[in-house]
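Order as written gives the chain letters A, B, C and D; numbering starts at 1 within each chain.
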Amino acid sequence: MAPKLMKMIRVEAPLLREIMAEFLGTFILVLFGDASVAQSKLSNEANGDFFSINWGWAVGVMMGVLVAGGVSGAHLNPAVTLAMACAGRIAIIKVFFYMLAQYLGAFAAAASVLGVYSDAIEYYSNTNHNGTLYMNNEANDPGLAGIFSTYPAPWLSIAGGIGDQILGTMLLLLCICAITDKKNTQIPSALVPMYVGFTILGIGVCFGANCGYALNPARDLSPRLITLIAGWDQSFSWNNYNWFWIPIVGPHIGAILGVFIYIAFVEAHWPEEGDEVVPITVPRANFNKERGEKIQNMDMESF
Amino acid sequence: MAPKLMKMIRVEAPLLREIMAEFLGTFILVLFGDASVAQSKLSNEANGDFFSINWGWAVGVMMGVLVAGGVSGAHLNPAVTLAMACAGRIAIIKVFFYMLAQYLGAFAAAASVLGVYSDAIEYYSNTNHNGTLYMNNEANDPGLAGIFSTYPAPWLSIAGGIGDQILGTMLLLLCICAITDKKNTQIPSALVPMYVGFTILGIGVCFGANCGYALNPARDLSPRLITLIAGWDQSFSWNNYNWFWIPIVGPHIGAILGVFIYIAFVEAHWPEEGDEVVPITVPRANFNKERGEKIQNMDMESF
Amino acid sequence: MAPKLMKMIRVEAPLLREIMAEFLGTFILVLFGDASVAQSKLSNEANGDFFSINWGWAVGVMMGVLVAGGVSGAHLNPAVTLAMACAGRIAIIKVFFYMLAQYLGAFAAAASVLGVYSDAIEYYSNTNHNGTLYMNNEANDPGLAGIFSTYPAPWLSIAGGIGDQILGTMLLLLCICAITDKKNTQIPSALVPMYVGFTILGIGVCFGANCGYALNPARDLSPRLITLIAGWDQSFSWNNYNWFWIPIVGPHIGAILGVFIYIAFVEAHWPEEGDEVVPITVPRANFNKERGEKIQNMDMESF
Amino acid sequence: MAPKLMKMIRVEAPLLREIMAEFLGTFILVLFGDASVAQSKLSNEANGDFFSINWGWAVGVMMGVLVAGGVSGAHLNPAVTLAMACAGRIAIIKVFFYMLAQYLGAFAAAASVLGVYSDAIEYYSNTNHNGTLYMNNEANDPGLAGIFSTYPAPWLSIAGGIGDQILGTMLLLLCICAITDKKNTQIPSALVPMYVGFTILGIGVCFGANCGYALNPARDLSPRLITLIAGWDQSFSWNNYNWFWIPIVGPHIGAILGVFIYIAFVEAHWPEEGDEVVPITVPRANFNKERGEKIQNMDMESF
């Protein structure tokens, strides 16, 4: 059955394939991520807490990269796509299509989470808020809207929020660039999803307190639209419309910064000869040479 | 001793070997999993909580895949076996035997957990319930029966339960397909158990709140039978017999859906020439080419 | 300096090298493990809990295997050494020396943990027990002696304890055999420490509630001796001398069982031709063949 | 854009490239690490606890090694640089520059964390301490200064602190030496960051209770300078100036010890012929040979 089916539905257009992969990858990313927040909030932390949410997003990104990696490179994030375009690593003409696929994938994922946890949301709302979708800007409590999109901590200023999103996304892209730089620690494609997952785990554990480490406009804006549609009416008007745009603007700036910092500090300076690789860590071989002479072409064949 | 023994007991029939591997793999999966719930419940969360249970199932699946992977492909789950059969990846004639092995392995594992924690169960029952095996549908409290099988959260409707099991298993199969697709991120067999384990961790952290992420009829039905035999008499009658069948029906549907969604979005569209592989993430090589031209045959030999 | 030093101290005798590696590996294992319990208990769970202890032992085993793996095979556990000898995988003559090294390594590690946390132990004893080393069998509270060795939960019978240690160690060896079986999922040596670490994490999360998953006579007996010497005088007399021998006897039985169960279910049945490998999971190649025909010799070169 | 830019800014001087990599790697390490403590403290543990902090440092080290590994070997720690110099694995002339880069990278990171969490620090200070930067040696409470640098637990003596830092750093270097020893378990460069990360996780989980496992003078001293500048005025005078130097002196001693213990127990004794590798764990091949004969040259090509 399947082989015949596969021939019948086969798409050869590269861009269309990449769009489908970006859609599916972002869908998986946000499906895991939003659901991990839902699980924690709806169970009153009985089945999860901030740390388990960090793992939910980490596994979400890991699996999203696994699914889309071989097709599109698994950007899964408009800010990543923009940064890659700025660095000349993806054709400008593809940028719009990638971003569209990412926003749509995140939208579909948030709708799925709303669906699969709809019984729980109703139960929670009935138990705690007389059946209404509670959300309160004065009390700085986004209620269950916080399942889908990020909201700032009570202390966070606008500048602080922008700075947080820039720094976090910069760090993400710095790490992604190192992970995918074939001349650095030489991570095979099979380990890329795992390392990117750990990066997200780390950022969640370290930079989640200010405003929930969105780092990704698709991951934040599309679910926010879902919450608006579903009835959380302050989703966009939060802080007088001075929040929703920050996880959109900040990541784009941070991503570009991250790529260029990595280029400036590491990537621009690799020796030119294509085949020469620089080994990681202490070169043991130099026990056989004069002391202090670092050997660059240590053999890596044993891997 | 062992080499001679090995020759004496050697089985050459492929199907029998696969059945033994599926039995042992599922045994290990459920042994870890059920025991992790037992540890948390019986110690009143002193030695575990929902997150540690998530890790217990993750390691259980990881080790089950490790043990059976090289022999049978490590389905360890009747829903996976059915989906693979639908996709033409396993002979129809094997389906029944695989499933039987899985149900028996899960049964043996649940019996072992009942045995190894029998002192603790008796102590817990004496301390809290006058020595009886407590279970109360009205109070929506399955008691220690929840160690072995899943029960729905108070808010969950029948449709919600089916939807949850379909979505969760779909997601599981989507990830498994990506992990084992040799044309995608090219995961070597040695990393398959680890990624499948992380997938289970993620699903547990994200989709465990509704009804405990069974996702596997063998993992749920066989231990439920154990609880019925051991004396938890509402194991099957819970919610007027309207729960026990949901973690059986839902996963079968979800698994098939997951496989076909992966085929439709990614697998059907790989370039035909067998040797050509598509690299993950940003192709660095294109710095040497015209900008925007994505290079497909980036060398992966360094891996 | 170092190269010359290395030549001066060079040991060529293989057995002596293996003994040193077993000593150092077990030292590292127990150093991490005992310290993780110390951290949790001495900080009144502010800096750790049962889950972090599970990670402490997991990383301890991971690093112990890393350090000794290339020299001795990293048994780090007398029960493992005995089981390997029973299976004919290590010369009988080495058994005694391996075990001695393991007991000494664990002893040195427990002494180091006692040293590095001595300020904390004194502070804790002064704060809670008038400066005495508290330990109370009637109240079933081993006090800080629980940092070093395992003690049974209040519910555990002697038979239950033996069963727990047999099952846990059996599971450990089952997993180790699968991890190191070159014909199964083909784990490279570089991933062995990680998988063994995850195995320990899983066993800790699942089988730690009864009596603290010793699974290793060296890990339990040597630190128990330290506690006796240091002044916890019921270390051996606990439960009328009916505890201390259980984590010694149980693991030896369980380890042998585990090895032979793996042989009986999986290892004895591999096809004989040395080069033929059996692929993990779903063989994709069969899309090009008749449906239902499983291909055994799927190419693994891409790895 | 980027390719041209890369040519324009290209640095060919190896030492300068290594300095930039050490700077960036240490920056990332401390950025993750300090931020993970900030997140936990500033959210009153709502968004983190000691275990999530352990993961923050682990991911920080993992990513720092990933970023700098291919260029400088990723010391990221003056104690590591000193130990490598003592073992003849880095030219003495480089030591000063590496250390300078590390101290500067840590300084920049701590300043960034101070910046990104400045709103939160102000809010926290206003809420709890009338807007002042609280720090109280008598009460043994470093307040938010504990985000940046380590402070001893109430029980810790000076000798205990030094011993803790020596033991912890010794253990770190023991593990690093095993991880990077190409003749031991043969970890490829791609897995080095992950294993080093797990080492840090383990040390955090096991040796964090006494005084916060600094293990790294740059990670501790530079952020301490930041806290002094920012207004936490007892940063250096804590315990009558008898704390701040301990996480500087201890790690240097411990690192040297660790390297030489690894050499003494393992590295000095490898067989001389360059190509011969010793396999990890149980050699299965010996089923075909006389029992008890360990085969050293087991084929590893399958990896």
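Assume a contact is a pair of C-beta atoms (placed from the backbone, for glycine too) under 8 Å apart; a residue touches a chain by one contact, two chains touch by 3 or more.
Chain identities (UniProt): A, B, C, D = Aquaporin-3.
What you see is a predicted model, and the numbers here were worked out from it, not measured in a lab.
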item: Turn needed to bring subunit C onto subunit D - CA fit, degrees, nearest 5; value: 90
item: Copies subunit A and subunit D touch via same or different residues, half shared test; value: different
item: Cα-centroid distance, subunit B relative to subunit C, in whole angstrom; value: 26
item: Intercentroid distance (Cα basis), subunit D paired with subunit B, Å; value: 37
item: Residues of subunit D engaged with two or more neighbouring chains; value: 2-3, 6, 51, 88-89, 181, 183, 186, 188, 191, 194, 277, 287, 291, 300, 303
item: In the complex with subunit D, residue positions of subunit C that touch it; value: 1-3, 5-7, 9-12, 14, 17, 20-21, 23-24, 28, 31-33, 35-36, 38-39, 42-43, 46-49, 51-53, 55-56, 58-60, 62-63, 65-71, 73-74, 84, 88-93, 112, 115-120, 122-124, 176, 180-183, 186, 188-194, 197, 277, 300, 303
item: Contact footprint of subunit A on subunit B as seen in their complex; value: 50-51, 54, 86-89, 153-157, 160, 163-164, 167, 171, 174-175, 178-179, 181, 183-188, 191, 194-195, 198-199, 201-203, 205-210, 259-269, 271, 277-284, 286-287, 291-294, 300, 302-303
